[in-house]
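One structure is given below, encoded as C-alpha cells.
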Amino acid sequence: MDIVKWSRVKSPWVFHFNAGGCNGCDIELLAALNPKFDIERFGMILRGSPRHADVLLCTGTVTRQIRDRFKRIYDQVPEPKFVMAFGNCACSGGVFQKCYNVHEGIDKVVPVNMYVPGCPPRPQAIIDAAVKLLTALQQS
Amino acid sequence: MSDSTFTIPIGPQHPALKEPEHITVTIDGEYVVDVKVRLGYVHRGGEKAFEARTYTQGLYLVERICGICAMAHQLCYANNVEGLLGITPPRRADFIRTIIAELERVHSHLLWVGIAGHEIGWDTLFMYTWRDRELVLDLMELATGNRVTHATNAIGGVRRDLTPDMINQILKGMRHLEERVKYYAKAVPAERTVMKRAVGVGILKPQEAVDLCAVGPTLRASGIKRDIRKDDPYSAYDETPFDIITNDGCDVAARVLVRVGELFESLKILDYCIEHLPSGPIRVRVPINVPPAENVSIVEAPRGEDIHYGKSNGTDKPERYKVRAPTLANWASVPTMLKGGYVADLPITLAAIDPCMSCTDRIAIIDIGKRKKWVGSTDQLRRHIKKCHGK
Amino acid sequence: MSWQVVAYDLFSVLIYPGIIFLVALALFYQWVDRRVYARAQNRYGPHHTGPRGLLQPLADLIKLLAKEDIEPSAVDKMIFRAAPILLLTLVFTALFMVPISGTSAIVSFEGDLIFLIFIMTLFAILAFLAGWGSTNRFSLVGGMRAALQTLGYEVPLAVSLIGPAILAGTLSVSNIVAWQAAEGFWSILLNPLGFGIAIIGIIAIIEVVPFDIPEAETEIVAGWQTEFSGRKLGLLRLAHDLELVFVSGLVVALFLGGPTGPIPLIPGIIWFIIKTVIIVFIIGFIRAQFARFRIDQMVSGSWKYLVPLSILQIIILQLYLMI
Amino acid sequence: MATLNRENKIVDSLKEKFGQNLLEIKIQKPRRIFATVLSSALKDTISFLKDNFSINHISTISGVDMGKEIGVYYHLMGNKVEGYDNEIVFSLKVTTPKSDPKLPTITTIIPGAELYEREIYDMFGVVIEGHPDPRTLVLPDGWPEDVFPLRKEWKVDDIKAKIEKVGGDGS
Amino acid sequence: MAMRDECAKSLLKKPSTLVYPFEKYESIPGSRGKIVINTLESSDNKCIGCGLCIRVCPAFALEMIGKGPTCDMKWYAGRCVFCGECVDICPRSAITQETTYDLADSNQDGLIYDYKRKRNPEGNVKE
C-alpha cells in the first residue's frame, strides 16, 4: 500500500471553523472528543491553527461578515485538504434559508468534500462521516 | 508607552472561542488597557426571518438561535405566543417544560465547567465533565428525541409526554449525576492551579454589574440576587422551591462556584418536579391565526435572562419578533472585567460569562503603543482588525 | 584508523543507538505519552493505527512530511527555514551525549553536562527565534514566553542536575553513570529533591501542561509553532519527541543509574527503555492533573520555591560529602 | 399576591408626574406594564423610574416598524421591593418619524443600554444622539448605508439584491 | 493533583469509550433521525398529497412533485432539521421517522431522498 496515502488516512487532523452556526454543531463536535466517542482513536486531533490541519470542519451557515475570513482560513490549510460541511446549516443553510445575511451553505464559498446532515449531527455521525471520507480517500 | 507593547489578535477564529467573535483589545505589555466589542459574525438575519415564517415554523427557528440554550429560547417563544393568544398550557406541560429546561441547565453548566477547564489547559476536567454530561444528553434524547435541539415545546403545550419509564431513568441518572457533581464541587476548588488562575481575575463589582445590566450567573457572582425564575416565574417555577445562588467574590472563581451551586439547585428542582408531576393532557389546541397583541416574555436561560418581545397582527405570522439572548447583555460588562487584567487571563475571563456568540460575534487585540506596521503578514485576523479600527 | 572502527562509528551514529533508533524511540515515546494521557482521561487515545495505535506517531510524521509546506510571505525566510533543522540537529547532538546502550555515550568528554545544560537553553532561544521569524503575533508572544520561561526553570534545573555531578565528582554524564554503576546505588537516593525539581524542569523544557505556556492553545493558538506547516511542522514535532527522549534519558542517566540495572543479564538498552518509559509515564500522568500556569506565576513560583529547594539539595549533598 | 398594588402605584405616580407627556399606560397582566411617552420625555421617565422605583435594569430595546413611524420599546426591569419576591417588566414605548428617526441616548442613565442602542441603529436606522461609541454592531462591514433590514419596506430579496450590487459582503 | 485518584483509577479500568463504528451504537428509542415518507413503494399508498407537511416544515426540506394523490415526494436530508413536525401533522400517518443518523455523503445529490410512487409504464400510479 502507498505509505503516504496510508499516513493520510490514518492521521486526519481537524481544524474547526464556525462560520456563523448556532453552537449546537460545535458542542457536538467537542462532544466527539470526549471519552465516550474519543475520535483520537482514529488519529483525529483538533488543532488550533489552520496551518496544521488536513480537514477543515466547518459548521454553520456562512454569514456575510465571515465569508472572507472563511476563504482566507481555507487558503491557509495546506494541500491536500478536505472540507467537511458539518450540520445542516453548513450543508444548505438549514433553517436559516431565505435569511438576508447568510450564504446558504458553505459549498457556495469553498468546495466541499463531505456533507454531514443533522441538526446537529450526533457525534457518531462525525465518526461515520470521517470513516466515509477516509474510505473514499483510500480508494481514490 | 514602551516598545514592548504589541498586538495579539484573538478571533473570529480562535481556539478559545468555539464561535466567531471579535473584541478589540488594546494592550500594554501583558496588561489589557481597553476593550471594544464588535459583534455580527453570526448575525444571520433571524429576526427578519420570523416575519416570513408561521408561528409553528418560528418554534424551530428560535431554537436555532443558540444550540446550547435551545430549550430556553423555545420555551420563551412558546410562552410569548401563548401570551399573545391568551391561553395557558396544561399544568402537566408546565412541569415537563420545567424538567427539560432544568436538564438543559445541568448540561449547559457541566459543559461550561469543562470548557473553563479547557481554557486554562486542564483537559482532564474537560474530558470527565463531558463524559458525565453525555448522561444528561442521553436522558434528553430519551425524553425529547434529540440530544441538543430538543423540539420539546409546541404552542399550547409540549410534544412528547414523559412515560413512567423515562421518569425512572431520569431519577436514576440524577442520583448518579449528583454524586459526580459533588465530586467536582470538591475536586475543582481543591486544585491549586485552577484557583490560582481564577481568584481575583475578571473583577466585576456589584454596582458595575447592575449599571451594565449583566445577567445570569455573571450577575449573581457579583452578589446581586436576580433570577428570572423567582423574579418573574413562568412554567412550574412559581411553586417549585429553590434558592438563588449568589456569591460575593465578583471574580471568575465566584462564577464557577455560582454555577456549581446552581447545578445542585437544578437537581433539587428536577426532583421536586418529577415528584409532583400532575397528570392530565400535555397540549391544548390552538388557532393558527393570532389576534393582534403584544407580549414580553422572559426566561432564565442557563446563561441568564432571555427576553423575547412579540407583536402579532391577526395573521399566522408575527408582525415583529425580537429576541435578546443572554450573552449580548453580558458583553457590555466584558470590557470592565478585562481592563487592567493580564492577557493570559483573557480566555478564562471570556469563558466565565459563558459566551454564546451565535446569539450575539470575535476578538482582536490592538496595540496603541507600537506604531510599527506589520507588513504583509498573512494573518487572517489582523486585516480585519485594521478595518474595524479604521472606522 | 581501521575500517572496522569507522564502520562501527557510522553504525552507532546512524543506526544504533544513533539517529534511526532514536527516531523510532521518539515516536514510541510520543505514543506512550499520548496513551497515558488518554487513559488517565478514561479514553483510548490512538487506537486503530497499527497494533494499539502504535504507529500513530509515524503516520502523523509521514503525513506531515508529505504535506504542502506553506511559507507565509511575511516571514523571515532564513530563520523560518533554519529553525526546525537547527532544533533537530541540536537535539541529536544532545542525545549523542546521553548514555543509551552502555555506560558510555557515543560522544563523551569531561564537562559535557554543562554543555547539555547550555543546549537546553538553546532550545528556548530557538523557539524564540522561530516565533520571531514567523512575524505572527501569536508566534511572537509564544516565542517571547518560551524565552521568558527559561528564566523560571533554567536555574533550578541546572542546579538540580549538578547534584549528581557533585556526588560523582565529575562533570561527564557517562562518568556519572559509571560512578553509579560502580558504587552500586542510584543518586536519586541522596538526591530526591533534585530529582523532583529535575522532573518539573524537564516538563518545562518540553513545554507540556502545566508549563505549556509558550504553546497555550486557548491563548495563543499554537504559540511559536503557529505558522509552521507541512514538513517543517513534522520536523518540529519530531524534534519535540526527541527532546522527550533526551530529557528523560538525561534524568535517567543522572538520577536513576542510566542504562544499568541490578540484573546484569538484561542488556543496558532494556534498562534504559524501562526507566525512561517510567519517566514519560510520570510526565504524561502529571500532564493530566494540572491546569496551565500563567507566565508570571510560573516564573515567580519557580524563584520562590524551586530555586531555594534546589540550593538546599546542594547543601545537603555537600554536608553528606563532608561526613 | 394577585393584587396589583405595586403596578397601580407606579402607574399612578407616572400619570401624576408626566401628565400630558404620558400618552398611554396600561397594566397588561401582573408584572407587565406597557406605556407610551413622548420622545422628549424619554430620559426623564427612565430616570424617574430608576430613582423612585429602582427599575434599574434594561433588558433590551426593540423596535417596531409601524408604517410612517418607528416604535421603540425600552424593556426595563426591576422593583424588587419589600414584601415582593418578583420584579416588574416595564415596557416603555416612544415613537419617532421614519423620515428622520432620532432619539436621545439613555446610556447616561443606564450604561448597559450601549449595545442595544447600537443594535437599534443597525436594524432601524434610528440615530441615537450622544451615543459614546456609535459603530456598527451586528451588520457586516461594507453594508449599504441606506438598508435597515428590519424596516418593512426592505424585503429579504431586495436586501439580497442590493448587497450583491454594492458587494456588502464584509470584503 | 485534585483528580489524581480518579485518573489513577481510570488508568487501570477499561475506558468508557464506545467502539463505534466497529460495533453499532444502539440508538435510543424515539430519537429523531431519517424521515421516511410512505408514499409509495409499499402497497398501502398512505400519502394523499395534501401538502400539510410542506406547509409546516421550518426548513423547506420537503418537496412535492406533481399534485394530489399521485404526487412524488422528495426529502432533502441536507436541509431537514429533524424536528418531526411533519410526522406529527400528517393526517394519514404516512410520514415516519427512523432513528438512523449516519447520512453523510460526499455530494449534495446523495442527500436527496426520492420517495416515488410505483407507476405502470404509462406513468400512472398503480392502485
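All chains are identified by letter, namely A, B, C, D and E, in their written order; residue positions are counted from 1 within each chain.
Methods note: contacts are C-beta pairs under 8 Å (C-beta built on N, C-alpha and C of every residue); 3 or more make two chains touch, one makes a residue touch a chain.
Keep in mind the model is a prediction, meaning the values are calculated, not measured.
The fewest steps needed to get from chain C to chain D, moving only between touching chains, is 2. Using the contact threshold fixed earlier, the set of chains in contact with both chain B and chain C is A, E. The greatest number of inter-chain C-beta pairs in contact is found between A-B.
Chain centres here are Cα means. That of chain C falls 53 Å from that of chain E.
Rounded to a whole number, the gap between the C-alpha centres of chain B and chain E is 30 angstrom. Distance between chain centres (mean CA atoms), chain A to chain D: 40 Å.
Separation between the centroids of chain A and chain C, computed from CA atoms only, is 35 Å. Residue positions 34-36, 38, 41, 48, 63, 65-66, 69, 76, 94-95, 98-101, 119, 122 of chain A each touch two or more of the other chains.
Taken residue by residue, chain E touches two or more other chains at 1-3, 7, 15-17, 58-59, 81-82, whereas all remaining positions touch fewer. Annotation for chain C: residues touching 2 or more other chains are 38, 40-44, 217-218, 221, 288-290. Chains touching one another, given as pairs, are A-B, A-C, A-D, A-E, B-C, B-D, B-E, C-E. Residues 12-13, 15, 18-20, 40-46, 48-49, 52, 60-61, 64-68, 70, 111, 126-128, 130-131, 133-134, 137, 147-149, 356-358, 378, 380-381, 384 of chain B touch chain A in their complex. Taken together, the chain D residues at the contact with chain B in this complex read 28, 31-32, 34, 56-60, 62-65, 73, 75, 77, 80, 85-87, 89, 91, 110-116, 123, 133, 135-141, 149-150, 156.
Contacts from chain C toward chain B in the complex involve residues 40-43, 72-74, 135-138, 140-141, 209-210, 212-213, 216-221, 288-297. Interface residues of chain C facing chain A in the complex, by the touch rule stated above, are 34, 38, 41-49, 53, 55-56, 58-63, 66-70, 217-218, 221-222, 225-230, 233.
Across the complex, chain B meets chain E through its residues 53-54, 56-61, 64, 124-125, 128, 131, 138, 141-142, 145-146, 149, 151, 159-160, 183, 186-188, 190-191.
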